[in-house]
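Listed after this line are the structures, all set down as structure tokens.
What follows is a pair of complexes built around chain A, which joins chain B in one and chain C in the other.
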Partner chain A sequence: MTKGRGAGGESAPEFVQLLTPDGERIDKVTGADGVEYTVDFTDDEYRGLYRDLVVVRKLDAEATALQRQGELGIWASLLGQEAAQVGSGRALRQQDMAFPTYREHGVLYCRGIDPIMPLSLFRGVDHGAWDPNQFRFNMYTIVIGAQTLHATGYAMGITKDGKVGNDDGEAVIAYFGDGASAQGDVNEAFIWASVFNAPIVFFCQNNQYAISEPIEKQTRVPLYQRASGFGFPGVRVDGNDVLASYAVTRAALDHARHGQGPTLIEAYTYRMGAHTTTDDPTRYRMAGEVESWQARDPIARVRAFIAKQQIAGDDFFTEVDELARRESLALRERVLAMPDPDPLTIFEHVYPHGSPLIDSQRQGFAEYMDSFEGSSH
Partner chain B sequence: MAEKLTIGKALNLGLRRALEADPKVLIMGEDVGKLGGVFRITDGLQKDFGEERVIDTPLAESGIIGTAVGLAIRGYRPVCEIQFDGFVYPAYDQIVSQVAKMHYRSQGRVKMPMVIRIPFGGGIGAVEHHSESPEAYFAHTAGLKVVSCATPEDAYVMIQQAVASDDPIVFLEPKRRYYEKGDVEVDADLAGAYPLHASRVARPGTDVTVLAYGPMVRTALDAANAASADGRELEVIDLRTLSPLDLDPVFESVRRTGRCVVVHEAPSNVGLGAELAARITEQCFYSLEAPVLRVTGYDTPYPAARLEEEFLPDLDRVLDAVDRTFGW
Partner chain C sequence: MSGVTRIKEFNLPDLGEGLTEGEILKWLVKVGDTIELNQPIVEVETAKAAVEIPAKWAGKVEAIFHEEGTTVEVGAPIIAIDTDPTAPPVAPSASSSGSEAPARTPVLVGYGPRSGAATRRPRKSANGTPTAAPTTERSVPPVAAAPVVEAPVVEAPPALVLAKPPVRKLARDLGVDLAALAGTGPQGSITRDDVEQAATPARPAPTTVGGEQRVPVKGVRKLTADNMVASAFTAPHVTEFLTIDVTRAVKALDRLRALPDWRDVRVSPLLLAAKAVLVAIRRHPMVNSTWAGDEIIVKPYVNLGIAAATERGLVVPNIKDTGQLSLRELADALNGLVQTAKSGKTSPADMSGGTFTITNVGVFGVDTGTPILPPGESAILAFGAIREMPWVHKGKIKARQVTTLGLSFDHRIIDGELGSKFLRDVGTFMSDPEAALLAWT
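Let's turn to the complex of A and B:
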């Protein structure tokens, strides 16, 4: 355990790790919550995780490029956080429900969702516009922390519906950041989840920054330790280790689906890129810090492990790169082909039952637009 | 001495002056320190005034305003930055139930000399919650004052006046105009400055009175220039103070022109335009040649960025309303 300054201290944090940065496999490890964690993957599954990590990173890089070229308004890159997202995303069972922030593109991908889905939001075409229940993946939430309460309420509904208590039980995962941990909403979510013993996993990606503010500005204790004060277990996992992220999340979700209540997971990771494409991290952090995290890259260690264990050869790595390239090209083409929304849609979906005020404004707007037809405007 | 500054830079310099003028002045908010705020309005201030006075807070707006209340009770003068308009709502309870009511509750024993700076309005191509115009919520709340600047000169002066005021002030900054430049008298004495709670004629005219504030002042002026080419002289009044309103110059103008158009980005329903129309109608009824017309955002949530041009009032929509006041 890091002593003294708490999370973000100088010394390496203690966390659940099953794959070292050098690609050495640790057989099993007991977390601060007293649970023993391990994974038992087939070679095929290891290759699958590697494929996910590489594709997710490539798609993310493509989106960043699209933003640079003016095709997206903004992009929130997940660079560096692939393992936390792929590990937790793959740990979800079909029946589980996820509540993302605006950065969970990797989780979305692992849910089997078409990666084009959130890009209309970043392009400025809509605000999300998907059905959370259809995809078992809520819309992206931009107001920091708000979704943790929604996730908790959804989990309370699962309990009400009697859908907990066995292997087929449902569980919810709520994603949020280290900065979000300071919000009232997040703390209230912890209280609600605890009091109602909700089947939920709070998955905090501690990427060390909330825009420019380092973790010390949000907390004096490691974030996972907050859980004990709310009355449920907390565990810190190496968020750059896809195996550990998977193991810890899987266990916490199963705990929840069996009716045993919430868990807080702190995935200790690092935001390798800017906060978003509008951010300039050189104003607030040193290049050396970024470099030290480069040595803990979430993908390099899986590749090293696969190579060392001879789970796959060079052909496989080339194949995966090729797949990622194809998927990112396809994504690019579809973003470029995305039509602009019809202006009249401004007035759609304000209310399920409509409103005479909106109706009259829609009509006024349409007439106003028609008045320009054929004119020089 | 006059310097050419952007609105953003003028605010920065005004805040610097405020920090220099009174050691009790604090700046608090998300990313206001090293980063200098996401719009760089507090750029360099932490470096020069230290972390004790320019404070990067935890990411919690209710916490920012709630602790500012306590600091104010303790004698400090907090200047709080809310990163974007759409993120003020977690602090709404503290603002409406505490900041606004403390003076009344204490029968004048407790003052809240607090400024709540909010970059507001749209037009920057942002995602949801980054383009809102929440002024009516605050103007509707007794105990709060609400102002908005539209020029670098006003930005520089008004922010200093707001910090010096013992009233709690919601200070709305036209974020899409942050980069517009103008002359600022940087050495001028605040004592002789144009008052904070006063509207001002931004462009004299004779035919129609156009009322605007914040980002829409530029739009109204552009419309006035276009109208002038067509032989119509619009008088543009920059309201500057949204609560309390300063309407004497407005009444005087409308009595002369007989026509009035109000422009704001916020939706029309129960918005400032409604209050303005009512007050003008009460005071200038016999001078009016046409009803007071409003050019506003629609009564929908702020749309996705690719629709905001259609949503926002622009030059054409202002001129259309001007035309309609003549068609009555």
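Let's turn to the complex of A and C:
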């Protein structure tokens, strides 16, 4: 019930929205799936969401700068998608399991993982060093859409383990993008999840571009409508609205944890930056389109809402900006201080209990490294 | 903060997964500007994208190393930032901190990029101790009245040529000696382009000046020119010609082709000429020799060179020790040699050590020529086109297969008599190979 993407006169997308771009709160909305959505947050929780959004954006900007300065190999910025990630990330309960792409820095942050972790991955220092089981957040998956199958398998597994079916049941969320929705993996995951009634939420951040390919060239129907063909509900949410993103995800997760099966959420958003630091979005989209999305910024509307409702004053906003600045500076210093990994670590974690072949390769490589002068190996 | 570390140079990073260079589009700051951390300082365009680079340090712009519009290699410094501009200025002499900083030449603004090559960690020697550099001083045990013991000079191992395995294979295939190339890759490594360029120097990019094409003289062209000049003006050349009827031999080749063993072999008149030369050399070994100033070296073996026109220009690979080869082996060697040459893969070893050369000008449709000796050889045979010509055969004028042989020889070694006998024998063999074989071998 708001305007469509871009400046053109396309049909307006119907989506669940609880906070307008101007910061007006909408009390309740019934989605295309017939469910009524709302949120009931305390002032503290509103301030917390705002803080998350600002810090996540600032850390992301710092990572982009670090890549430009040669300190990271590549970075996939989440700029513009903060609300979809923070909203869905905060909707997860402790026991829920998330399967991210390589852009879910906001979800990672909400899961309590040290934000340095994805930076060490993209600096080539490790393969992602968080423990997926501890944080209930799987490793970043670079292969487009592959994690939807992993997530579906995991969801089928927890059903067999009897962890689904009541208020404290577990649920799984799989993140992917509009581009991945055309992948065979994703469609297979939909089929398996549907047929086995897996406790999973498919959370598609439709950021309008599969790298450079616009959504019009990817699909003839709104993505969320695809779910009906597979036999489970689909709903579109304003992905730039952190409240609606939270509400829709929370409901879908609860649906799953009660054993009611999968849901597809299409979070309608916009990637304000490049696909990754390796591409140049000005080559495939118009400046006017980016401007029209700037007017729908996910953070500005929360700030406007907080100010209007007098949930917090200017000193709060200054305080959050200062916090974000401090965290980003600390992030920078820690990235620059990261030691190069020991070359032999490449052989670790290949097999849980070692393997004769890998062991002999490790020994051979150690001897090779040892053949250099001044080598400590 | 010391003067050495407070001025920091920012090197152009790889902005997008494996790029090697970027073009400076626009400087957003200038020397003397005070800048903040992450303030955009420059727009750089790579093969993938035009991006703004944010400042890595806050401070004052001390120097800018590249103008807008220049292409800069990844890793090269593009800007220097004084990270503590409120401190007293750094004296220029202090910024080059002794031996640590290699010489820098001022460019554009400030100091230029380092000229020092990237270093690689040295490998330990085979016995596990570091290889001593020749200049390394060793403490000599205090032996009484010991003579001055020179530090043992450890011979430097042959310089490691850096090249990736596929490039090494390419070089081997194309006959390019890696050790002779100057690499343009990272750490001076030899790239695929380097090898390909070395393999095709005969086709340097011509430039056009006022309608005239200017082709740089290098590679095979230069080598050919040097050899020809050296040979033509040191060895006094004599050239003799002989026109012969090769009808019988051409028919003999046809019969040869029909033999079961020879079905898959390319049999050309060149094989006949090669065999004729080898048989004639056995009868006149002095033709297969080298002038060495105060002596003449007569070779006990024949490395038979075949001049071939290739993409790379004229190359003269040779078949080693042809005296031991059967006719079939000779045919195979000839075909292999020509194919290798045509595909541009002749190796330097294939081209060195020739003792006698045949130049097959007949393939170009001409009758004969006055060939120039390859340096170090004393005779060369030009083999012309075989044509149907009116010829007196058994007292009547008949259409016969006729060709002309041209033999150039070094008159310092070979007199007219020897040269003439040799050419006549070659001609006799090619006119009637069966009889010559029966009579001479």
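Following the convention adopted for this analysis, the second predicted complex is superposed on the first by the 361 of 377 C-alpha atoms of A that agree within 3 Å, B and C clash if a C-alpha of one lies under 4 Å from a C-alpha of the other, contacts with A are read in each partner's own complex, and residues count from 1 in each chain.
One rule holds for everything that comes next: contacts are C-beta pairs under 8 Å (C-beta built on N, C-alpha and C of every residue); 3 or more make two chains touch, one makes a residue touch a chain.
These numbers come from a predicted model, not from an experiment.
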Clash or fit (per the criteria above) of chain B with chain C on chain A: clash
Touched partner set for A:Glu373, first chain B, second chain C, both or neither: second
Partner chain(s) touched by A:Asp340 [first = chain B, second = chain C, both, neither]: first
Touched chain A residues, chain B compared with chain C: B
Contacts of A:Gly73 with chain B and chain C, given as first, second, both or neither: both
Chain B versus chain C as contact partner of A:Gly354, first or second or both or neither: neither
Partner chain in contact with A:Ser212 - chain B first, chain C second, else both or neither: first
Among 73-81, 91-99, 235-243 or 271-279 on chain B, the segment whose C-alpha atoms clash with chain C after superposition: 235-243
Overlap of the chain B and chain C footprints on chain A, listed as residue numbers: 73-74, 278-279, 283, 371
Chain A partner contacts - residues on chain B that touch it in the complex: 30-31, 33-36, 38, 56-60, 62-63, 86-87, 89-90, 125-129, 269, 298-301, 303-307, 310-311, 316-317, 320
Partner chain C, residues of chain A touching it in the complex: 61-62, 65, 67-71, 73-74, 274, 277-280, 282-283, 371-375
Partner chain A, residues of chain C touching it in the complex: 10-17, 38, 48-54, 56, 121-124, 130-131
In the complex, chain A residues that touch chain B: 73-74, 102, 121-127, 142-144, 179-180, 182-185, 210-213, 217-218, 278-279, 283-284, 340-341, 343, 345-347, 350, 355, 357-358, 361, 365, 368-369, 371, 377
